[in-house]
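Order of writing sets the labels: A, B and C. Residues in every chain begin at 1.
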Amino acid sequence: MSTTSAPGGPAGPGTTAEPVLQVTDIRKYYGAVHAVDGCSMAVPQGAIVGLIGPNGSGKSTFIEVLSGLVPSDSGRILLNGTDITRMAPYHRARLGLRRTFQASRLWMHLSVAENLLASTPPRGRDSFWRTYLRPGAVGRAEADSSVVAAEVLERFGLIQMRDQPAAVLSGGQGRLLEFARILVSGATVALLDEPLAGVNPVMAESVISGIRDLQRSGISVLLVEHNLGAVEELCDPIYGMSEGRIAVSGSMREITASTFFADAYIGASRSAGTDGS
Amino acid sequence: MIQFALTSLIFLTFQAILVLGLNVQFGLTGILNLAYIVFYAAGAYTAGVLTGPPPTPPGLTYIGGWNLPFYVGILGAMVVAGLLSALVGAVALGRRLRGSYLAITTLVVAVVALQVVSQAQGLFDGSLGLLNVPLPFGRGLSSDAFAYLYTGFMIVVVAICFAVSARLRRAPFGRILRVIREDEVAASVFGYNIFKYKLIAFTFGGVLAGLAGCLTIFYVGSFSPAGWGVGETLFTLTCVFVGGAGSTLGVVIGASVISLVFVQLTTLLPTLQSDPSLILVARGMLIPLLLILVLRFRPTGLLPERLPRLAYRPGAAAEAVPEEPGEDSSPPGGQPQVSGGQR
Amino acid sequence: MSGLGQAIGYGIVTSAILGLSAIAMSLQFGVTKHANLAHGEFLTVAAYTLVLVQSRTGSLALAVVCAVVAGAAAAWLLNRIVLVPFRKVSSRLAVMLIVTFCAGQIVQGALAIGFGLNYVNVTVSTQVAHQVGPFLWTSLDEIIIAAAVVIFAGVFAVLYLTPFGRSQRAVADDIALARVKGIRADRVLWQTWLLVGALAGVAGVALAVTSGTFNNQLGFNYLLVTFAAVIVGGLGKVHGALIGAVIIGLVTEISGYYLSSGYKQVFALLLLALALILRPSGIFATEAAETRA
């Protein structure tokens, strides 16, 4: 079941399972500016939920709040039933939440493979003492991670660059590496913040299929995007955000028919090759 | 002549241990600790007051003076330096103290520590410092024999510190530190408690600094505030960059190169200038100048950090991938290990 | 009580000088977004220039002018010779911090080579303190306070009433956006550095004449208390720096009066420590500033 806070018709695939991410009435004010002004939404298990809206609508702040980098002023966030509202970002991540950023935040001076190895579940490899007292166990866990990393790199077509610094990747390849990191991490929910921004149309196809890969692996996705074609292709349901609030939700057809869309996207192109300005 | 060579070598080993510690803090984790030398001093003073004779006021006043064996001094130095690092780290690395704030905080610690120790006469004898710290290995040795013995001892110690540091760097733990250095926000949203890792790295570095300090005071027999100003931290930082920040072998090479060059410089300069205190000033200018030049023209250093190679057998995972000629592949039949060519 | 009144009086003088240094640092941090660990050297250079010119020409007034110009020049040179090349090559914060620190150490060494390591004396006509209400000030103190107040007013006038000031604040807010709006950010930067150096130069002169004697550590010793004022008031906020300077100046003098004058600097640093632990962005913090720092 999904919740909407505004008119817009039926929402979501109507699953009866508990949503993996349940957001209730999140508010974030910066003085007089109501960046997020009472947003609620739910991400059903296995869904790709879209979040669209003009610049300045508060989408980015919303993602910052969900991932824990910015504390909310009020509201509640439930991740797989657990209340994470006051948790630090790393704690939320440990419970299965992952995110990407508008500009790729890869670990640039580490190799592509190392970026993945640092993303796989630690299984004790991250302990200082075990590094010295249990080198064998650490080595075995590392070996297992290497196999997983290699598999995923092959799947995303990045295997050739596995030992190169991540800095050499193009924009689109960087996005794929970000998805690969999420894939190997054992995440349950991924917040993707405009993954198609700055990606050329050829790479965009790979990025879109990468998002589908995440879904196929059982990860539920909240996709923030300006590229309405991609959103239409991938997402169900879709939320439209404006001035800090969820103005509308439903299918793309319902949204484009709404006043929200007319106000926010007058003149915006809907073709898959253009990212919104 | 031989004495001079051995002494130079021994001082090189002190700097090598120092640089290994700072490499973990800054080279791997990205923590700019302008107070690094304070932990070196903590180790030296601790070892000095543990192993030294009781103080003789009013000339020589300090706490402690229990004539304990030198291995107690070493242990005590590392423990005290470690605890002090953990304390400073807990305050400086927590919350949102990043970037400029962290540098300022550590600078404050460096300056305040120096002032307090210099002025508190009863603590470590103020600006004159500790004297008469006994040599380890008993007293029966001639100065030549002691020099040889200590050199051998220091080489062993450096080798151990090197092995421990290299292991940390190559292990998954070291990769986590580097991840935090590269982008700690991304690290936190990927599940890493960056405060915890920074604190561990900070303490590790502090322990090494303390070890270097105690071994210094054992060899020289004395220790005073003149030996640990911010300039000394800058010296070690320069060694890190010249050698190759992040690379365990690189920073040791950097320490060797810089130490040797500056030992030679000190012997050359007296013939050029008559005022010995200005020689110190000249040295104090050359190091920061060198650091600026290195950062500008060769920031990766003499031996830049090398990336490890992923153990990968093409075709093992998916048949669709064609066999690549010349690819690094682990021997068949064995468990795939991450081959680390990283020093 | 007269002792407390005197302490407050000294506190006002201290705050005036500290305010100059702190406002300078705040202006600089606002546009560069990184601390300048060589800030103290602007004061030291000005102080030595003061002594040099005065000893050559005998004119204190000329020496003061030259000192302020020297401070501005030092700041401009730091930006031009050191920071500009590095900004092009690396934006890494640690590098900028290290590089400014190195520059400061080099200047300290150069001054020692040029003027020797010994303390240098400033010749000022003997000062007699007189009662001004509850405060005990010399005419030098009064000149410093008056000059400081005028300068503070001038700085705020420049910041809020002139085109340069508007550009400076725009660049401090968001340099990319400022460039988009057509502001020549690089020009604003070096002009800001000139102003920063000049303000720091005045502080250096004031420090030199009030202490009467100094060495090449003059500015470096003042660096931390300047940080204290700026951080307590809020890094990057110019009015915050002034408030921080007043707080630090008054608190240190008053606590020095009640407890022990030897611990004045300790109190300043204690305030700094508290500010760093409790509220790193200072009194006038915004959350945006916190996540950015």
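The criterion applied here is as follows: contacts are C-beta pairs under 8 Å (C-beta built on N, C-alpha and C of every residue); 3 or more make two chains touch, one makes a residue touch a chain.
Note that the structure is predicted; figures quoted are calculated from it, not measured.
Participant: Using CA atom means as chain centres, which chain is nearest the centre of all the protein shown?
Facilitator: B
Participant: If you take the mean of the Cα atoms for each chain, which one ends up farthest from chain C?
Facilitator: Chain A.
Participant: Once you find the CA centre of chain B and the CA centre of chain C, what distance in Å lies between them?
Facilitator: Here the centre of chain C sits 33 Å away from the centre of chain B.
Participant: Centre to centre, by mean C-alpha position, how many angstrom separate chain A and chain B?
Facilitator: Whole-Å distance between the two chain centres: 41.
Participant: As a quick test, compute the distance in whole Å between the mean CA positions of chain A and chain C.
Facilitator: Taking the average C-alpha coordinate of chain A and of chain C, the gap between them is 45 Å.
Participant: Provide the list of chain A residues touching at least two other chains, using ranges where the numbers run on.
Facilitator: Expected reply: 69.
Participant: Enumerate the residues of chain C that touch no fewer than two other chains.
Facilitator: Within chain C, residues 291 contact more than one other chain.
Participant: Once bound in the complex, which stretches of chain C touch chain B?
Facilitator: Those residues of chain C that touch chain B are 29, 34-35, 37, 82, 85-86, 89-90, 93-95, 97-99, 101-103, 105-106, 108-110, 112-113, 117, 223-224, 227, 231, 235, 265-266, 269, 272-273, 276-277, 280, 290-291, 293.
Participant: Of all residues in chain A, which touch chain B in the complex?
Facilitator: Of all residues in chain A, those touching chain B are 67-69, 88-90, 92-94, 98-99, 101, 105-111, 113-114, 117-119, 122, 125-128, 131-132, 135, 138-143, 146-147, 149-151, 154-155, 159-160, 162-165, 181, 185.
Participant: Note which residues of chain B are touching chain A in the complex, please.
Facilitator: It comes out as residues 164, 167-168, 171-173, 175-176, 178-179, 182-183, 185-194, 200, 305, 307-314, 316-318, 321, 324, 335-338.
Participant: Quick check on the complex: what are the chain B residues that touch chain C?
Facilitator: Touch residues, chain B against chain C: 26, 30, 32, 34, 91, 95-101, 103-105, 107-108, 111-112, 115, 230-231, 234, 237, 277-278, 281-282, 284-285, 287-289, 291-292, 295-296, 299.
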